[in-house]
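Written below as structure tokens is the structure these notes are about.
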Amino acid sequence: MDIIIRILYAVISILVATVWGLTLTGIVRKIYARVHGRFGPPVWQPFLDIIQTHSRRVAISHGYMFFLGPVFRFAGGLGTYLFIPVILGSTVFGNFSMGGDVLLVMYFIFFGQLGMALGAGEGGHPYSPMGIARGLSQMSAFEVPFSLAIISVAIQYHSLNITTIVQAQQGSILNWTLFTNPLAVIAAMISLLGMNGHAPFSIVMAPQEIPIGPPIEMNGSFLGILQTNRGLFAAAKLILFMNLFFGGAAHPNILVALLIMMIKTFFIYMFSVFVGASFPRFRPEQSFRFFLKWPTAIGILAILYIAYL
Amino acid sequence: MNRDSESKYKGFEADRSKYPQMEKDKPVIDLESQKFIKTWQGPQHPGVTGNMSVELIINGDEIVDAKTHVGYLHRGFEKLMERRRYIQCFPIVCRICVPEPDTNEYCVSAAMEDLAGIVVPEKALWLRTLNLEMSRVGSFLMWLGGQAGSLGMGAISQWTIGMRDFWLDLFEEMTGGRVYHMYMIPGGVRKDLPEGFRDRTRELIVRTRALLFDIEKTFFNNAIVKARLKGLGVISPEMVTEYGIVGPSARASGIEDDIRINNPYGKYAELDMKMITSDVGDAYARAEVRYQELHQSLDLISQIMDKMPEGGKIQAKLPNVLHWKIPAGQTYVKAESTRGEHGFYMVSDGTKYPRRVFARGASYTHAISVLEKLAVNISISDLAALMVSLHTCPPEIER
Amino acid sequence: MKNILKRLNEKIDDLVVVKQRDDLYFIKVKREHTDFILRYLKLDENFKHLDFMQAVDYIENNQFQLTYMLYNYEIKINLGINVMIDREKAEMDSMHRIWPHLWQYQREIHEMYGINFPGSPRVDESFVLEGWEEMPPMRRDFDTLEYSKRTFYPRPGRSTNDPKEYMKEKLYHDFAKSPKIRRDDE
Amino acid sequence: MEKKDLNEIEKEMKLANEGLPEKERILFSDARPSRVEPLNKYLEQFVNWARARSLWLLAFGTGCGATELRPLMTSRFDVSRFGIAGRPTPRQASVFIIGGYASIKTIKRIVRSYEQMQGPKYVIALGSCTINGGMYYDSYNTINRIDYYIPVDTYIAGCMPRPEALIAGFNRLKEKIQKGECDGMNKYADNFDWYKKNQKQIIKDWNMPDYNW
């Protein structure tokens, strides 16, 4: 009976996260449109797109691995999300947080891309391997400052458990990692730019260069799964950052806690939107070099700062 | 605008030092060895200008061989004009170049007047000059949006194309047409300016300058734009004359070639304008030159607004144009479009139908020889930016 | 410009010069002199810029006229060079060594007029036409309307009027008794 | 449209992979398109409602009409309000805009892109040149009627049609989709031989599979 309850809770929290992620995507589209001087699509446009992609009459496949690509990607999104406690101390939104889940989450962030690489390579279009190569190289580039920041945070709180890290930040706003360990936050936020894939790091799906990168052959339901995962994955990433650096979301009333979560994730996302709306796109090698220069140095400084000061 | 240049002139033969090996100035490329991929950029590709395609052989992200394919827009204008009377020609010539149709209209009208010896009244010349400059502004705005969009900066293209639309509204007031105007007919123009046109134009010039001020801050002073455009697609002065490069692309390499100043037509002789050149020759210099020419065009329009007389004849007396015989002869009339020299070569044999009309577009060499040469050994990410910085316009290549 | 033409006249005999405008001259040279003239004009008289090269079909006297349009940056004058070649065995020497971009025009003319340019690079590639089976379309004796009717499916209902007849019946049918209107330029 | 005699078409139809060894045959597709029946009534209505509100254009400017698509997509007439967005790959696009005249070299690419699009797929034809040839009716290189080569759902007349006309055409297409009248995919599958015959009459070098599945 307990397992059924757990499954029910997991489904509920996954649904909430996906809906919030997709709504966030719609809001971001709207904000981009306002920057462009347009009205922009309605906020619920991503849901309509998902219904439309799932309702295609024909969906062409290129082999078994082609099926596995979106499935792996979605599994990566699920895995990333399911081990992050959305709301501290909540039974529904606590998810399966356990000791060492930070490493698990970092692994799952990688996992989705690898599965996508397997599937999209099967499509046979020359642009998808190019996009995969760009995506994987950029991911390994921004993983460096990100992991350095994570290590710094782990040293700071002597734990690899997100719940513990969030608990340690409670109390006052000054307990947040943002203030106790600012260097790590800077390094991690810069790598969030690459993780979200907005400009100037939008080299994976650059429409003018390799339209549109890995999912160029994905159609119909494959694309629908990918878009659903995009919502879920965005929410998972933002919630992870909120937990690690911005004090998480904790409140006895669960609705208030959800509201806090939404506000915080929104503003974390706004950071990368702000950068993305005002910069063109890097050349791939420029992007890799960028990540391996200053953010890496800042991350190392963060470790030294935490370890020896 | 003499920026201290880090540009290295590569000479005529593209630098193939890295890949592939050259054998008797031919690259050895075998697609069987897993080193090369053959891809097509276009025609169905967001990164190409218009409807053309570039056949690429790439190694990693680096282009080792490029070959341009055009002809997707070929309508056979020259053949169609051979079986249309002179007055029937001019509604279709403006379709030759879509973003900037007025240059074609001016050239074909001026060619007919040159062959038939018609003198165009003053006011018509002023109106023609005004129309040409306005079309230059519209085309430059479209190019600026394309250049920013090719680098993935969508906001700039949204702004500029939205602003170009207000210029199209002015065109609609002036000519009745939004994209295709059919304004200049042989012997003059079709109609005079409407009421209050000058004030609206001045007000729009102010708005355009305000937008360009923002764009200069966000685009031309952007570190990433400089990092991507500087040193990309360097054109040396020797290459300009050898490859027939014209217009801003030639001026960015230091060649003083502006038809409006060298061979003035219309009323350009009475307007004060100076040649805008740069000595760097890379894509960023071309962008700067075009940006300053956009300002120059706005300045010229305001000059025209001040100097143009109010009334006056706008059409010379023509014979009955339906059976209008033009004496035999041949002529070549050229005008400065945004891409450079745009000329019409018209041969008449004394009948009601032209014997031969040839439209010489600036993209003819830019998009084929020059692009194929400059595209070698650049990253595939830069091809769209390079294509836009050469300002290729496919419909004027194949007509 | 006069000196240039005089020097040209010394170089080759029977040079026909037509002055169209102050900045546009046409000269007519023989086919065998073309290569020499172009090199001389480009190197010595620095007519460095080649605007275009095109062909005109004079079917009645069975000739093609090739036109090379040069431009001089210093004196700012266009000079067109006309060469008449035979229409039956249409062939012209390739000038692509003088200007590296001349091969494009030669390719287009080869496709549109069927004039051969031996030795011109990529001259046999298709330029705008793909799988073309008729005669070269820009020749005068190629009827594009008839070809279009035969190949594509014309939608019924299109009526094209000969402008002369049409205007005669629409406008001038009572021209005689229409009042005389003075135009302001009379 | 009138149906041609099938067996005489079968004689002149030739798949691109004919005469190839077995291991190369699979490189080309010789699968004929098959008719796909819509879902049951209410589900189809709901799905059509969603389809009409999320139209993805194929980013393929085949002619002059692409010039007016730019103002349409940008800040003056912003069609993304209606859920219309561009997709760079035909696998994901659902609306194909034929931007004006189509030369023979382009109609080949149009056919390929159209067949690569996943149904249900809709076609909007811009300009007079796609209806009856327009001012290029006598050109040797542009087709006269687009509906002989791919099924068309909506025509927008004019040379070139203004953005307002384009928006009106999009609304018309939306109404037709919601009524479930846009069935160009099945129409293409039913009259496949007729379309192929017309296409092969003008595309002389046919070096692509008969159905780009």
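By written order: A, B, C and D. Residues from 1 in each chain.
FYI, a contact is a pair of C-beta atoms (placed from the backbone, for glycine too) under 8 Å apart; a residue touches a chain by one contact, two chains touch by 3 or more.
Quick caveat, the model's predicted, so the values are computed rather than measured.
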Original post:
Among the other chains, which touch chain A and chain B together?
Top reply: D
**OP:** Could you run down the chains that neighbour chain B and chain C together?
**Re:** D
Original post:
If every chain is reduced to the average of its C-alpha atoms, which one ends up farthest from chain C?
Top reply: A
**OP:** Averaging only over C-alpha atoms, locate the centres of chain B and chain D and give their separation in whole Å.
**Re:** 31
**OP:** Could you give the separation in Å between the centres of chain A and chain D, each centre being the mean of its C-alpha atoms?
**Re:** 37
**OP:** Please work out the Cα centroid separation of chain A and chain C, and write it as a whole number of Å.
**Re:** 62
Original post:
What whole-number Å value describes the gap between the mean CA coordinates of chain C and chain D?
Top reply: 38
Subject >> Multi-chain contact residues (two or more partners), chain B >> reply: 45-46, 71, 74, 76, 79-80, 83, 158-159, 162
Original post:
When you check chain C against every other chain, which residues touch at least two of them?
Top reply: 128-130, 137, 142, 144-145
Subject >> Interface hub residues of chain A, defined as touching at least two other chains >> reply: 36-38, 207, 211
Original post:
Considering every pair of chains, which are in touch?
Top reply: A-B, A-D, B-C, B-D, C-D
Original post:
Tell me, which parts of chain A touch chain B in their complex?
Top reply: 32, 35-38, 126-127, 130, 199-200, 202-203, 206-211, 277-286
Original post:
Where on chain A is chain D touching in the complex?
Top reply: 33, 36-42, 45, 48-49, 51-53, 55-60, 207, 211-212, 216-220, 223
Subject >> Interfacial residue positions of chain D with respect to chain C in the complex >> reply: 104-105, 108, 131-133, 137-141, 143-145, 148, 198, 201-205
Original post:
Once bound in the complex, which stretches of chain C touch chain B?
Top reply: 20-21, 23-24, 26, 48-52, 54, 56-57, 65, 67, 69, 73, 76, 78, 80, 99-101, 103-104, 126-130, 137-138, 140, 142, 144-145, 163-164, 167, 183-185
**OP:** Report the residues of chain D in contact with chain A in the complex, numbered from low to high.
**Re:** 36, 38, 47, 50-51, 53-54, 56, 59, 74-75, 78, 80-81, 83, 85, 87-89, 91-92, 94, 118-120, 185, 213
